[in-house]
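The structure under discussion appears below in the form of structure tokens.
To keep things simple, chains are lettered A, B, C and D as they appear, and every chain counts its residues starting from 1.
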Amino acid sequence: MPDLGIVLSLLVIGVGLLWLLIRSLRGQEVERRVIFVFILVAVAAPILFPVTFQEHATPVVKRLFDFIDSLPAGSVVLVSLDYDPAMAPEVQPMTNAMSRHCLTKGHKIVFMGLWATGQSILMSTLQDIILPDFPNIVEGKDFVNVGYKAGNEGVLNVIVTDFKKMFPTDVNGTPLDSTPIMADIRSCRDFDLILSIGGGRPGAKEWVLFVGDPGNVPIGVGVAAVTAPQMYPYYPQQLVGILGGVKGAAEYESELAHRYPRFAHTDQPGLRMMGPQTLAHVVIMAFIVIGNLAFFRGKKVRRT
Amino acid sequence: MRRLIPLAITFVVGTVLIVSVFTPPLENIERTFTLFFDIIAVFAFFLGGGNLLRVHISKLRRRKQDWGFSVVTIVGFLGMLMIGLFKLGGSGNIAAPVDETGSLFYIIFDAVLVPLQSTMYSLLAFFVASASYRAFRAKNREATLLLIAAFVILLGRTPFGTMVSGWIPEWLSIAQIPNLAIWIMNSPNLAGQRAILIGIGLGVISMSLRLILGIERSYLGDDNA
Amino acid sequence: MDHFALWLAAFFTLGIYSFLYKDNPWYKLCEAIFVGISAGYWVVTLFWDNFHGKFWVHKFEDWWLWIGAALGVLMLMRLFPKIGWISRWALAFIVGATSGLWMMNYFSSNIMRQVQDAVLPLFGTGFEASFGAILANIVVAVGTIAGLVYFFFSKEHKGVFGGTARVGILFLMVTFGASFGYTVMGRMSLLIGRIDFLFSDWLGLIR
Amino acid sequence: MPLTCPTASGGSRSIRNLKPLQFIVCALLVVGSLGQVNAQSDSTILFDSAMNALAPVTSLLAADHKYDNGERIDLSWIPSIDDQPVNGKITGYGVYRLTNAGNPALIADLPSGSSTFSDDNVEPGSDYSYYIVARSAYESAVSVRTAPLSPQREWLNLNRGFLFLIAALISAAVIYFVQSAKRGKKLFVRKISGLEAIDDAVGRATEMGRPVLFIPGIHDMDDVQTLAALTILGRVSRTIADYDTKIFMPVARSLVMTAARETIKASYQAAGRPDAYSDDMVSYVTDEQFGYVAAVDGLMVREKPATVFLLGSFFAESLILAETGNSVGAIQIAGTARPAQLPFFIAACDFTLIGEELFAASAYLAGEPRQLGSLKGQDVGKAVAMVVIVVGALAATLGEAWDISFMQNIYHWLSSVFSSN
């Protein structure tokens, strides 16, 4: 049934574009509203009838994946969720995929956040992703949630030398010194990897400047597409890898599903969103091509 | 006099701030002046908010077209003002921040402003499409480059980028669309950005000097006489 | 309550989207609500953060804050036409502060920093750079110079100078095209988020 | 800062990367070098540490923080050699301070591995002396005390010397050309097409009997781009006053409203038509970014302006506004210094002022010699930047590729000059 739906929508879009092409070649301009309808259909159809495309991890993503994959079991990874609900659709898939990957490999995760508006996300990530998929893991031993602390870069400045000064307890009030994960962790330098996921400020860039560089800790980031170009200058020296936008998430998810088939059937929001994303891109590119064909056609007609 | 005093104020304040960059004992003056600005902005709000009310009340009085919507705006504005200033419907703790979770102020923000903001923001998706349809035409050399760069990047962000150029051999991997997209972002794009940024820096210096030295005074009601 | 909020959000979402077809009362209603409530929201936030938090709380220990308040009061003199011109003093203060402050800020971040980043060995240390990196370095250097030439105001764009300026504008065009293409993706995710909300949270069509 | 170890080649390397044998050698070298620095006080304790007692920190130095307001003293030391990443005994360090030879007070607790601390709670005129206590689970070791030191207030920040010189050079160039233009020297300024179009655009609105819409960005007066927009508004509103066209200007900030009213009023006065001015030309909408956009979009569709100016600081709303303006058939002149938004203006508007052109616009429009002179001064800045980039890149390339030390020196000097900020 979904297959039929998507075939139908693709057909509608295809025929529509063809109709537009013919119209344009005859010299009739396309109205804005028509373009709007096309975008709406291109985005809505693949959400209703999910389509997924094959994704291959590009080097920036693959390097981070391989790094996590090659850490010995029992390594401690700090995952910082630096975003709010508005940004979540784009970057939450990265948090899910990377957390799953770490836990599968037997790494321990410390969750934290720098955004006041992101506190609820920390909770729901744990409730909805960690616990259902990994029934056997134990809080305090396999993961710990230290929550949010106000202070932006100031927080980073402190935890790079003394983690427990900023986070003496986890969100439940358990002293970190009494948890097996945190017993040996004094500062950010003691983590085997830090993952910052977000797209605003404070975020990936601040982690690199305030923690990665002074503390000499490997850092991997997942950022919104708009922020990604600003992160490229830090790769590969200061960053292990970058997941940029939904595409980055999708690449990571497909790599994860490829290496660990048990995840092939979990929800892959990144790959799921790539459907509408790709279709919308294709429609825009088709419009550009049609616009240019019409333009050249018009020029020729005028000349003769 | 009416003109001289403002010009003198601008000159002194601007000069002090420039000097403070090089003078450690003046370092904090920047923070102080920023505080002043924030305080002035609050006072100015009497003028802004008052203007908003005046415009809509006069629409209402004269029963101008769409005056009904003006009523909605006035009610929304005053309602939110009351709720926020008197911290109505919250935990009842007057010392709590106005936007603490669970307060009426926060609930309205969450239920009304958040969906409106994100929907308005998402309109961009439609406008990005209509703008690219219109703007990306190979009218001349400049427009053609604009078009090609945008197209390569667009293609590079979809799985088709890999598909279309997968046949290109490894030694020419730079020509594969995804790599080419990254190269454009990191090289010509970087060059253009840098030239723009340096230009902006110089533009700001020159304009600031014109303002501080009183050469530019159109904002003060003097048509460069 | 949750149910009500859900329907409210859907009402606003569709109301705003209806504008894409044409201006209509539904959109006007959303607009009126948006303007009224958000303006109120900002007055309240400014009042508590700036007036209360930055001035009122510290009014005794930091006497100089009263200068700011005095300037604010000068601003209000606009309400009295006779002495309205006094508000220009406050305005003059703001103009001076903004230009002084940003002049040096832009100078160090936009000029010093960018020039410093632009000065680098094109071939890497001891030719260790790859062919691609060398090409990229040269392109960046040439592009930056040509771009700067384009911005020259006091020289006519003629001859070699004009040619370089034209190369500069080509670089700028590639920059704009690339940034545009790159952002399309992020913009689409926003729409996907809204449509996802309508289909799954509101209508319950997916799962 | 990681603990470092002097090596035979003269450099130093992080102690974490050392193999056991190297580590022993390294430890000996540290001990040796300490002995040289602080021989009289520490040597006995240091060699004791080879047995069992906890070793204190060594080479404790207190120094006035240079070029500040006399509010900071920097401490540095070499951590106790019992402070090791693996099986280290040290649990942390306590920093103690004696003010004016009074009683010692604990001012900071630092984790193991620390080797620097900045005390920014000091004032000029008082003397401060410090010592550090290294702690393990069972014992502690006290370092030597530093000599009393009083923080110095400096009046000039010499770290920023080059920043000052270059800024002064560019400013001097601007002022020089302003002055020489004032004395009547003729200056050439190239055409900026976006600005040439302003008169026509306003004329068009007059002919069509439709208003001009002016949007000064969404930031407040504390953004230079808003100032630039207002200076341009000064020129544009003069033309509008002369043509007797209607202008409306919804704004997102109360202060901008006040300033814009002042500006337009002045233009109308200068045009000799003060009675035609009305405060209703400028109105405040809301500070909220998208609330403002919703209202302006609505206004555009309802009022159908013939000409739209989008000048100032714009964010995501740039394209929403520009596309709506385009859909009502307005001529659009845009300009911003936010590189991320420029592509959208280029795509959707008729004319775009790119970055620097936005700031140059009002001087260009004024056409007055002094203002044009400042543009020429700006070009000097560009020339300096270009020369530095070319010379620097050449020196760097030749120096690094062929290992020519003279060139390398030029390269490193230029790098250090431009990093002084």
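Note that in this section a contact is a pair of C-beta atoms (placed from the backbone, for glycine too) under 8 Å apart; a residue touches a chain by one contact, two chains touch by 3 or more.
Since we're looking at a predicted model, the values are computed, not measured.
Visitor: Farthest chain from subunit D, comparing Cα centres?
Guide: Result for the farthest chain: A.
Visitor: Once you count every C-beta pair in contact for both, which comes out on top, C-D or A-B?
Guide: Most C-beta pairs in contact, of the two: C-D.
Visitor: Mind checking the centre-to-centre distance between subunit B and subunit D? Centres are C-alpha means, answer in whole Å.
Guide: Distance between chain centres, rounded to whole Å: 18 Å.
Visitor: How far is the middle of subunit A from the middle of subunit B, if each middle is the mean of its Cα atoms, in Å?
Guide: For subunit A versus subunit B, the centre distance works out to 25 Å.
Visitor: Between subunit A and subunit D, what is the separation of their C-alpha centroids in Å?
Guide: 30
Visitor: Can you list the residues of subunit D that touch 2 or more other chains?
Guide: 163, 167, 170, 221-222, 224, 227, 255, 258-259, 262, 285-286, 288, 290-291, 294, 339-340, 342, 344, 346-347, 354-357, 360, 375, 378, 381-382, 385 - these are the residues of subunit D that touch more than one other chain.
Visitor: Got the subunit C residues that touch at least 2 other chains?
Guide: Only 16, 19-20, 28, 30-31, 34-35, 38-39, 41, 46, 75, 78, 88, 91, 94-95, 97, 99, 101-102, 104, 106-107, 109, 111, 115, 118, 141, 144, 148, 151, 172, 175-177, 179-180, 182-185, 188, 190-191, 193 qualify.
Visitor: Check each residue of subunit B and list the ones that touch at least two other chains.
Guide: In subunit B, residues 21, 34, 37, 40-41, 44-47, 49, 52, 113-114, 116-118, 120-121, 123-126, 128, 130, 132, 134, 136, 146-147, 150-151, 154, 157, 185-186, 189, 193, 196-200, 202, 204-205, 207-209, 211, 219-221 touch at least two other chains, as defined above.
Visitor: Quick one: in the complex, what on subunit A touches subunit C?
Guide: Against subunit C, subunit A makes touches at 33, 36, 39-40, 43-44, 47-48, 89-90, 224-226, 228-229, 245-247, 273, 276-277, 280-281, 284.
Visitor: Please output the residues of subunit C touching subunit D within their complex, sorted ascending.
Guide: Against subunit D, subunit C makes touches at 16, 19, 22-23, 27-28, 30-31, 34-35, 38-39, 41-42, 46, 75, 78, 87-88, 91, 94-95, 97-99, 101-102, 104, 106-109, 111-113, 115-116, 118-127, 141, 144-145, 148-149, 151-157, 172, 175-177, 179-180, 183.
Visitor: If we count contacts the way the header does, which residues on subunit A are in touch with subunit B in the complex?
Guide: Residue positions touching the partner: 30, 32, 35-36, 38-40, 43, 53-56, 58, 85-86, 225, 229, 232-233, 245, 247, 274, 277-278, 280-285, 287-288, 290-292, 295-296.
Visitor: With touch defined as at the start, can you tell me which subunit C residues reach subunit B in the complex?
Guide: Touch list, subunit C to subunit B: 4-5, 8-9, 12-13, 16-17, 19-20, 28-41, 43-48, 50-51, 54-55, 64-65, 67-69, 71-73, 75-76, 78-79, 85, 88-97, 99-104, 106-107, 109-111, 114-115, 117-118, 132, 135-136, 139-144, 146-148, 150-151, 168-185, 187-188, 190-191, 193-194.
Visitor: In the complex, go through subunit D and note every residue touching subunit B.
Guide: Residue positions touching the partner: 67-70, 153-157, 160, 163-164, 167, 170-171, 174-175, 178, 220-222, 224, 227-228, 230-231, 233-235, 238, 253-255, 257-259, 262-263, 265-267, 269-270, 280, 283-286, 288-291, 293-294, 316, 319-320, 322-323, 326, 337, 339, 342, 344, 346-348, 354-360, 362-363, 366, 368, 370-371, 374-375, 377-378, 381-382, 385.
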